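Next come the structures, one after another.
Heads up, the next two complexes both have subunit A, just with different partners, subunit B and then subunit C.
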Partner chain A sequence: MLRRLLQIIPTILGITFVVFVMMRSIPGDPVVSLLGDAYNEENAIKARQDYGLDKPILVQYFIWLGKLVQGDWGASILTGRPVLQDVLVRLPVTLELIVLSMAVALAIAIPAAIIGALRQNTWADYTATSVAMIGVSVPEFFLGILLLMVFSVGLGGFLPSSGWVYFPGTCQTVVCAAGLWGNTQHVLMPAVALGVGRAALLTRLLRASMLEVIRSEYVTTARAKGLSERPVVLKHALKNALIPTVTVMGLQVGFLIGGAIVVETLFAMPGLGTFGIDAIIARDYQQVQGFALITAFAFVVINLIVDLTYTFLDPRIRYA
Partner chain B sequence: MSDDDARPVRSISGGSVQEAELGAARRVGWTAKRDRADSPFAQGVRRLRRSTTALVGAFIVALLLVVALFADVLAPQSPIASDQGHTFERPSWSYPLGTDQLGRDMLSRVIHGSRISLAVGVSSVLLALFVGVPFGMIAGYYGGRADTLIMRTMDLILAFPIYLLAIILMVIFAPTAGLIGTMKVTGAIAIVRIPIYARLVRGSVLSIKEKEYIEACRAVGVRDPWILVRHVLPNCLAPIIVTTTLGIATSIIVEATLSFLGLGTQPPTPSWGWDLKANVAFIQSNPWISLFPGLAIFVTVLGFNLFGDGLRDALDPRLK
Partner chain C sequence: MTSRRLLPGLLLVVTALAWLVAVPLRAEAQTPKRGGTLRVSYGNEVAGLDFHTSPGYEMMWVGMNVGCGLINITPDGKFVGDAAESWQMSPDGLLYTFKLKKNVLFHDGTPADAAAVKFSIEHIMDPATKSGMRPFYDAVHSVEVLDSSTVQIRLKHPYAFMLHMLAGYRTGLVLYSPTATQKYSVEDRKQGKPEAVVGCGPFKLVEWVKGSHLVMDRFDKYFEPGRPYLDRIMIRVIKDPVTEMAAFKNGEIDFIASFSPDHVSTLKAQNPNANVMTGKETTPMVAQMKVTVPKDGKPMSTERAPHPIFGDVRVRRAIGCYGLDRQEIVKIAFKGQATPWVGMAPPGTLESVNVNSMCPYDQTKAKALLVEAGYGPSKPLTLELMTNTEKSVFNVIATVIKEQLARIGVTANIRLVDKVTWMNTTLQDGPWDMYVEDLLSLLTIDSNGYLSTAYVAKNSSAWSHPRHTDTKVDDYYARYAREMDAGKRKAIGKELLEYMADKMYWNTISGSPFYMVAQPWTKGYVYNAEFEVHWDTVWLDK
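And now, the complex of A and B:
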């Protein structure tokens, strides 16, 4: 277990370092947009010195890393605000979006896959698999636009098309609005837009592994010893069929983070996705580093959770 | 077909020395010829023709190819010529899909947009294939240091959430219009997809290189490059073909997503993702102009997904 935890560090170092090098290989630097009209060679050189941009890339990376260890994520070059503060304000938005979209995905995928597998080659199965096929082929942003057309434009603004109301207790500053109903209204469409694609993918996968498991001998045994259908399906079959599904869910995190960027852009949500893409386009090095760090961290933590879920689903899998 | 079934199936790896020693050389030669006509590939094609989903997918893909190839003939108007007198026209006889905020005919834009989607989708996957497959073969066949070096690099790319990497690459490449812009998007998506092929092929090669027919080739002094191309590659082709078809669907979504974020091929080149991004601002007053580019993306992706699914069932039942 400890070794598994230690493996996290090189992954995070690798991702943040590559992002660091890549961002600095983009032609031009943030000093140009920082100085604006006041730009001239003299000011530019001075600004670069102030932000340590004149040093070699490797040195800059270690300076960033050194500060990070002390809990200092640096400050945005363009706005001057501490990066950590910005990240903390935006984190709850994206976290809620991703967790809810995963919940949407599972809430659709598990029943659909069970019905599909138990009633293989019936109309219920065909419906489930066809809908799943359509689901994997719809890009998140197009589904989001369709939802906007129905619930925002069609129903006269029943659900708001943009903005955000925080879940009570998650707001880091005093100025932001918070409220349970407002939060639900704002998060519903983005979560569905992001979740449906994953639901479709998981349905296909889970149905296939359910079909395999349901024919295995221990399921026959469970039935033979007189268990009713419910515990056979839920306790014996589903639990084992979930293992490959959980693996793929872990791999899907990369897509979810990307999807969050797209969905947050579409619904104009103040989350980490919009934060990241704005920072990348503006070449705000410090903000991009903060975004890369939190993304890499989320990536490894979720994969760790996936590994731990295995031991829950199949106690034979152990981490020494 | 009855005599086909009665005849014992023999696997012959392209006429090696061992076959010449089998005595009835003429009969072997004849059998080898017949075997080729009934190769696993031919069997796959036969199964493919029986699959309805694959045929529907193939039909959609073929239709799209025709539309993309003959876009200049099929489009009623220029996709980039604006007409200030006819902005935001509703769908009518003269503008079947309406016009956008610059008075451009949406039907013509959707028709021409198919070119970018298909060109980027297909060529990025092929580019990734031509780079990833040799790397995977070298890593799997030679093992050792080459394997470690190649696969660690691939792991590093895979550790990135793919959208994050594609977005940063596009910012580095600086998105532009026209052919160069399309090539940049193609390159960015290809880089992200290389590790998928390298991993897939390495896995297959690891098991294939232990087979007796490879040992036989080595024993008679066949050179490594020839073994790789003539004997190893054909045996890992099925998963490559399936991954490629399904990969085109994913690449088309990634391209549309990049365009939607403003990082794809730039205007005036017509692109579905960009049109969605530009038109969604007018969703309250003119929802239909966002509908059609999105539908086009959906149908294209669905076509490749259906075709790829059918291919998988036909070529490699194990992958089901």
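And now, the complex of A and C:
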């Protein structure tokens, strides 16, 4: 377990280093955006010195790393705002979006997969499989626009088209939700837009696992013992069939963060996705590093949790 | 018979009664109501909130409401006092005296007096501030405080656009509280810390959560009695025009500060009562051609050599002048809602002159010039046409230009880059042949920072993208800006525009339309393009 935890450090360092080098390898200079009308060679040279951009890439990386160890994530080159502060403001938005979209995905995938597996080659199975196929094929932005047109414009503003308000308890700004619904109504459409694609994938995967598991001997034994179908399916079959699905769910977090960029932009949500893409477009190196760090950390930690979940799902799995 | 006689009289009485009833109602409807929140949407994020250095219109529109200046300019070009009550210019044009209103306060409670004006101007002029506005203050010799409410600006030489500059170049002059400015750093202002961003405008900054929202509240001690009417302004960033339209249709936003021209007709169809505001075109849509390249291969080198393609004026004329059908471009890219234009200053810019007759679309002439320059079937001309992802209309224009150039035997390869790459390539003298962009809005010919600080012998300006080396242009600019006689100045301006079109140092395609949209209940806004965006007169009728 300790070894597994220690593995996180080189993984995150590796990711941040690759991102650091890649960002500096693509064309573009943040100093241009920083200076705007005041851009001239003299000011540009001075600004590069001020931000340490004139130093070799490796030196820049170790300076960044040195500060990070002390808890300093750096400051945005363009706005001067502390990166950590911006990340912490935006993290709850993306976190809520990802958790809800995963909930949407599971809420669709689990029943659909069970029905598909138990009633294989029936109309219910075909419907579940077909819907899953469509779900995988529809891009998030397209589904997002459809939802926008139906639930926001079509239903006379039943759901707000865009924006975000924070939970009343966690709100540190003047834009706070009056209650739970005030917050939730902003995230419903984005969560569905992001979750449906994942639901489709998980349905297909879980259905295949279920088909395999329900034909296994221990399920037959459970049935032979006289257990009713409900505990057989939910307790014995589903629990074991979930193992590959949980693995994929962990890996899907990366896709969810990627999808969040599109969905957050479409629904004008101030999350980490828009933070990351804006930082990349503006070549705001410090912010990009912050984005890479938090997403890498989230990805690695979630996959660690996934590994730990195996022990719950299958007691035979043990970590030394 | 009796009733017939009575009818006209009865009608008269009914009309009079209706008029009596209607007039007070109308007057009541037009009386501004206090209170409410104006929900504004921006298409782009605010880059920073230091009004003297941060770039972008989004910042400027905040600056114009948090800050106050000396004067403002109306849509018809008249100057009106802001913090200044009155002003006068000496007969030789070298001395401007401003008398300030006595009740002007900064949001931190300190007075916006003559000392604050002197402080603010000197702050912009200080090279350490790195303000993009500094070149426009080159004419300023000194700023003197005569008494707490009188300030004099002494010039080194006459500057015909001094008042235009103070009123409407970028944000215009935004007065800063000396106390707050000295107490807090430029970083604090850029970050939008409310205690650091202290102006004397109608609204005070409450909060800026980057990527989410910006909030400004009414400043109760604003010097204009009764104003502003709104309690609060809430700005949100909605980058996708489809989402922006949905939010507008739902009534989630009251005011779109800059709306995509591509979607105007859709928005109008969806919202017949929306107030879609536009006006004179002050932004040039250009297809710039690079005139020189560094002789030694080092970007920004002062040693220049002609650009391999466009260093030859015949090629510039063949392609930029005769080879482009501006009518067709406008018809396709702007659905006809823009003015085809050749002159460097677009049609809405002060003292602009129509020089379209210098560049009629003429394929034969274009081909002949190319042959004269050595191009033809045995030596076909191929060039790179750069465009960026900021606005979809750039790509449409680039595609039409590619098609038009093919008609005269020229191959244009489109290179699509993002905005930052475009800025880097053009500002840093990188390799490019031709690009499509719409640059900045021009109040006057003089406000064209791209050329007014142009290549002067050994001092290459980063913003003079084509990098011509013709000092005659600088001479024109200097004479134009210093000429105080309006008639003579217009003549110089006309000469300058004709010269630029003849040499094709600057290749305008058309004006670039600008749109703002307001809900029918949003009242009192005075449209003045990008130059003056003031929400202190706005009120909500709902």
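Couple of notes before you dig in:
We take it that the second predicted complex is superposed on the first by the 312 of 320 C-alpha atoms of A that agree within 3 Å, B and C clash if a C-alpha of one lies under 4 Å from a C-alpha of the other, contacts with A are read in each partner's own complex, and residues count from 1 in each chain.
One rule holds for everything that comes next: a contact is a pair of C-beta atoms (placed from the backbone, for glycine too) under 8 Å apart; a residue touches a chain by one contact, two chains touch by 3 or more.
Quantities reported herein were computed from a predicted structural model and do not represent experimental measurements.
By the touch criterion defined above, A:T11 reaches subunit B but does not reach subunit C.
Of the two partner chains placed around the shared chain by superposition, subunit C is the only one that A:T79 touches, whereas subunit B remains out of contact.
Contact with neither subunit B nor subunit C is seen for A:P111 once the two complexes are overlaid on the shared chain.
In the superposition on chain A, A:G179 makes contact with neither subunit B nor subunit C.
Contacts of A:D29 after superposition: subunit C is touched, whereas subunit B is not reached. Look at A:I281: by the touch rule set out above, it reaches both subunit B and subunit C. In the superposition on chain A, A:T265 makes contact with both subunit B and subunit C. In the superposed model, A:V153 lies in contact with both subunit B and subunit C.
Of the two partner chains placed by superposition, A:G66 touches none, neither subunit B nor subunit C. Residue overlap on subunit A between its contacts with subunit B in one complex and with subunit C in the other: 27, 145, 148-149, 152-153, 161, 265-266, 281, 283. Residue ranges of subunit B in contact with subunit A, taken from their complex: 53, 156, 159-164, 167-169, 171-172, 174, 249, 253, 256-257, 260-261, 276, 280, 283-284, 287, 290-291, 294-295, 297-298, 301-302, 305-306, 309, 320. Interface residues of subunit C facing subunit A in the complex, by the touch rule stated above, are 45, 47-48, 53-56, 130-134, 170, 186-188, 190-192, 206-207, 209-213, 215, 234, 236-240, 242-244, 246-247, 249-252, 300, 417-421, 423-425, 427-428, 449, 461-463. Of all residues in subunit A, those touching subunit B in their complex are 11, 14-15, 18-19, 22-23, 25-27, 133-134, 136-142, 145-146, 148-149, 152-153, 161, 208, 253-255, 257-259, 261-262, 265-266, 276-277, 280-281, 283, 292, 295-296, 299.
Chain contact summary for the complex, subunit A toward subunit C: residues 27-30, 32-33, 35-41, 43-44, 75, 78-81, 86, 89-90, 145, 148-149, 152-153, 156-157, 160-164, 173-175, 265-268, 270, 274-275, 278, 281-283.
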